[in-house]
Amino acid sequence: MEHFAVWVAAFLTLGIVSFLYKDNPWYKLSEAIFVGISAGYWFVVLFWDNIYGKFWNGIFPEELIDSAGNVVTREPDYWLLVGAVLGTLMLLRLIPKIGWISRWPLAFIIGCTSGLYLINYFSSNMMRQVEATIMPLVGHWVLDPATSQNAFSAFSGADIFSNLVLVIGTFTGLVYFYFSKEHRGAFGGTAKVGIFFIMITFGASFGYTVMSRMSLLIGRADFLLFDWLGLVR
Amino acid sequence: MNPIRISLLNLPLSRCLVRIAIFSIFFGLLSVISISAQQSADTANAVPDSQLVEFALSPPFEVSAKDTPNDGGGSITVIWQRSADDLPNGIVTEYRVMRSNADQPEVFAEVGDVAAGETKPTYRYHDGNASDDEQYYYKVAAVTISGDDAETTQEVVAESDVTGPVSSSAQWFDWRRINAFVGVLLLCGFIMFYINRAKAGKKIFIRKIAGLDAVDEAVGRATEMGKKIFYIPGTQDMDNVQTIAGVTILGRVAEKAAQYDTWLEVPVSRSLVMVTAKEVVKEAYAKAGRPDAFHEDQVHYLTDDQFGYAAGIDGMVVREKPATIFYMGAFYAESLILAETGNSIGAIQIAGTGMPSQLPFFVAACDYTLIGEELFAASAYLSREPKLIGSLKGQDVGKGLILAAILLGILLETFNVWNFSSLFSVIN
Amino acid sequence: MRREIPLAITGIVGVVFVVQYFIPHFPFSRMNDWFSDWFSIVQACAIWLGALNLLKISAQKIAARKSDWIYSIVIVACFFLIVIIGFIEGESFRGQGTAFSWLYDYVYTPLSATMFAILAFFVASASYRAFRARNFEATLLLGAAFFVMLGRVPVGDMLTAFLPDGYRLSALASWVMNFPQAAGQRAIMIGIALGIVSTSLRIILGIERSHLGGE
Amino acid sequence: MLVAGIILVLTVIAYLAKVVGGFEGVQFSPTVSVIVVILLAASLLWILVLTLKGRLIGRRVVFLYVGIAVSLPLFMSISQKIVISPETQQLYDAISELPSGAKVLVSFDYDPPSAPELQPMAEAFLYYCFTHDFKVIVIGLWPQGPQQANLAIDKLLALPEIEAKNLQYGIDYVNLGYQAGNEFVIQRMGGSFESMFPTDYSGHPYSDLELVRNIRNFSNIDYSFNLSAGYPGTQEWVQVAVDRYGLSMGGGNTAVQAPMMYTYLQAGQLAGLLGGMNGAAEFEKLVGREDKGTRFMLSQSFAHMVVIAFILIGNVAFIVGGRKKKL
């Protein structure tokens, strides 16, 4: 069985890799297996984890026995029934005549999502990023214990430069996203600097990810050459 | 009926008492044996008994307890000053917070512990197991533990005075979030103001967005070549705003496809997205006056799996060779797999996402990319509806305020006038 | 009515979910958790719709003997194989030694790991094609990628060993990541936040409503 | 079809050689390795010459070279100078201060796709623990984590120097398995391990395991190490276990995640960090057991060089092509 298993894994691995050369029956077979197995996988997992694990066990909590041998009972969480109602309304789509009712749970989900994202992105992404951008540029003011007055301690030239880069980059980058003003003149120039920063951002994070992606491939090569064929010592 | 439990040990009280009894007998015997052994072995250099088994420990003081502010109830904050023996590298190992009910004020049970050795003299503990309609008393004990595991542990405890009664309650507004509240009101106010202005007929200028101007061309090209258009609304579910944005843009694209009479195919990876996308495409075809041209199977589901979906799309792309592919929504690592395959068959590709980590890959592999905020502006831009355009203007005013705040804040902080950034701090 | 009710639901629910952030009191305090619970239940119900759709499309292909119909049979067979096993094995389907975990380990894992791994090839071909000094912007993109890529492997520091410590490629790469890269990232993130606020507001106000379909 | 057939025949031969013939694999001697590297470089130069002449290569050639750059180094025995970074050194220093018998908690928060980067770290870390007689407690916040831990442990136990120690499950190491609940698991472990892990991975009750019987919570743990590929991971461990319960902790992260961890490192919340394949290779060097991390690192360097070479070739083509042709 172990031999069979490693051959199955290797067969599918090579099937996917063969796509790089061109589309072929081997890839088509691997792809079909992948789509079928993964669709079924999530179907099963969502059923057992969400419907059984979360909903059923939430409404009819199992009695647990702790290490001391006592029975621990949990309160049923009837709020989960709302989810079940929404889910059932969703499934009404299968009946064409009243399928339109499924728009209600959809409207509900879209409303929740919009509300949650509105406030979460405002508070964490926007406020936090603005907070991080506002900083003293050239030095700190630190409390001097001797005189109990604020004394100025300057940053090094390199730090000042780095801070300036950070602030200018954020500022001009935001100007680039301005929609209601034509990008011309001094404004256009600022937006242009902004796009330069955005390009550096893209280049750097692209280059950064290369390392992780390569290690994934190394892992697969090791599986094929070492675990499967044993060509590598 | 549950027996009373000592929460930390998770044992019923009765068993705890039995354990304590066993322990005390054990330690009692142990200390008697060890003391007598010591005494007989080392009578000349005897050490006073008190130093061997116990020593005085100073308790924490100024213990106070109050309802935790800005919360949903069920929590009491206990605050105390450190014990005199808890200095950096002092002998106190931890503090134990103990609580009793108003029914039995003398019976204290441990509710939590805090590691000692902080640099600040004031400690606080949030007791999150309070019930809002009960009164409680608290005291805090400084504890010194020696020994490594349960059998050899020796504890010396010094308890503070009792404080109370106190009870917890829930509040109706979180005052720490007032800055976010004002900010959201302002921003939403601006957006709504400009929506109304646009509704009233005021013209608003919007700059060109290259990726969106290319939509017509891309749809037109597919028509000329007699090939399909693929639209991929991201790989996340409807609980992500980016997916919702992707689906609304789908509506605009579908309208154009219906006008041009080009086959638009939407393979999706989430069932809820499938349901929504079907509604959207159907409506778009109706709007374009071509309800008959809509086909149920234009929108279809593949698999929820990230890479299973990518494998499926790759296969469809190389076999059916669409002329145009749109990627609009939330993407993860699959972005480059999809975009490179699309690129290899020479399709025109227009992408848009609010996932900063995936933007570089779309930029590298697609003809046009909507960067972050441009994705969210796309639906308004494509529809040219005044109300939607108005919201873009409102957004820009918000942006202007942020830019001004950044400049002002940096000036104020550089010259040490005011810690401006604290206005934007978020407490979670 | 088919349009008004959903619009009203979206609007009311949207406002409630914005407001819950500011109200620590029950029931607002628990709404976040509820939504994630409810959503996961709806999701698990909706996947039936998706699965039926997948089976329907595959069945149509098989019935019409469209090109590659044989692979549609494979999709359907694999789907039923894992679903039947998953339901027979019950709650503990993930346990050691189950047929489900065999399929996971030897079919699902190699497939997804390989699909993930071929990204390495695509990363290479995309950088070969896209990183060209066409204009100033593209040169910046290229330059940043180049330095960060070199700075992340030992070779980078070996090439710049003549420079003092702290000025070698790895230090340069981390400076680029920490300052210019972070600045651009911040502008993008603030922009995205504004875009999301505006989009959500349009949906809550019912101005953007194409997702709700027609009459 | 023909190609597939040839591949099949060759792989069957190789497999049979391994299983039946006991073939142990090949390794290039340093001379051969250098020759291979030179050949590789020469072929890249040739491509450059072709490009200069105006003949452009397609993406399949790029794919081929990436494949070669990743696979060939696995056969090579060139030693690459690996410089130990301060964060890796810090991790090593932290664990070398622990006395023998110290209790070490290792949380496996990743799944098979991230194994190439994290598994070498896991093996090197556990190797150090086992050779220095630390008591190891394994848990997982990702469902696949404990399985990855068992793979690493089984591999290490088969090594002669560890086999000689005759380590016992339940006394020298335990695997408490997976528990759902993300950071809440960490939080509740702060109160009691047993409440979160009533049984171990294979179902033995907590109190039957001699190693953990007397371990109540984080205060009984001397050091902990977290292998993380995302959420939940090092960030959650730092926020809960380190900040609230004062656990001493080191992290092993994928390269994508590592940069975010530097802030924790600087603030002293993390005692040591291994980042990506690089970190794994450095740590292996310190521990004195150079294995996959080090071997993989050679592939990593080669792959980067190949990508960079193709970027250069692409730009040469662009400049020679008069900056006009659409490539």
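Per-chain residue numbering starts at 1, and chain names A, B, C and D are given in the order in which the chains are listed.
Operating definition for what follows: a residue touches a chain if its C-beta (ideal position, glycine included) is under 8 Å from a C-beta of that chain, and two chains touch if they have at least 3 such contacts.
Since we're looking at a predicted model, the values are computed, not measured.
The chains that touch both subunit A and subunit C are B, D.
Distance between Cα centroids is largest for the pairing of subunit D with B. Among the chains present, the centre nearest to the common Cα mean is that of A.
Remark: among chain pairs A-B and B-D, A-B carries the greater number of C-beta contacts. Distance between chain centres (mean CA atoms), subunit A to subunit B: 12 Å. One inter-chain figure worth recording: subunit B and subunit D are separated by 28 Å, centre to centre, where each centre is the mean of the chain's CA atoms.
In this assembly, the C-alpha centroid of subunit B lies 17 Å from the C-alpha centroid of subunit C. Work out the mean CA point of subunit A and of subunit D, and you get 22 Å between them.
Taken residue by residue, subunit D touches two or more other chains at 59, 63, 66-67, 70, 113, 194, 255, 259, 278, 300, 303-304, 307, whereas all remaining positions touch fewer. Taken residue by residue, subunit B touches two or more other chains at 10, 177, 180, 184, 187, 239, 241, 244, 272, 275-276, 279, 302-305, 307-308, 311, 319, 356, 359, 361, 363-364, 371-374, 377, 392, 395, 399, 402, whereas all remaining positions touch fewer.
Shown for subunit C are the residues in touch with two or more other chains, namely 18, 21, 30, 35, 39, 42-43, 46-51, 54, 68, 109, 111-113, 115-116, 118-121, 123, 125, 127, 129, 131, 141-142, 145-146, 149, 152-153, 177, 185, 188-192, 194, 196-197, 199-201, 203, 211-213. Because contacts link each chain to all the remaining chains, their graph is best described as complete.
Only residues 2, 5-7, 9-18, 20-21, 30, 32, 34-35, 37-52, 54, 68, 71-72, 74-83, 86-87, 91, 93, 100, 102-121, 123, 127, 131, 136-138, 140-149, 152-153, 173, 175-194, 196-197, 199-201, 203-204, 211-213 of subunit C touch subunit A when the two sit together in their complex.
Interface residues of subunit A, counted against subunit D in their complex, comprise 3, 7, 10, 14, 18, 20-21, 26, 66-67, 208-212, 214-222, 225-226, 228-233. Those residues of subunit B that touch subunit C in the shared complex are 70-73, 170-174, 177, 180-181, 184, 187-188, 191-192, 195, 237, 239, 241, 244-245, 247-248, 251-252, 270-272, 274-276, 279-280, 282-284, 286-287, 297, 300-308, 310-311, 319, 333, 336-337, 339-340, 343, 354, 356, 359, 361, 363-365, 371-377, 379-380, 387-388, 391-392, 394-395, 398-399, 402.
On subunit B, the positions that touch subunit D within their shared complex are 7-10, 94, 115, 148-151, 344. On subunit A, the positions that touch subunit C within their shared complex are 5-6, 8-10, 12-13, 16-17, 19-20, 28-52, 54-55, 58, 79-80, 82-84, 86-88, 90-91, 93-94, 100, 103-123, 125-126, 129-130, 132-133, 162, 165-174, 176-177, 194-211, 213-214, 216-217, 219-220, 223.
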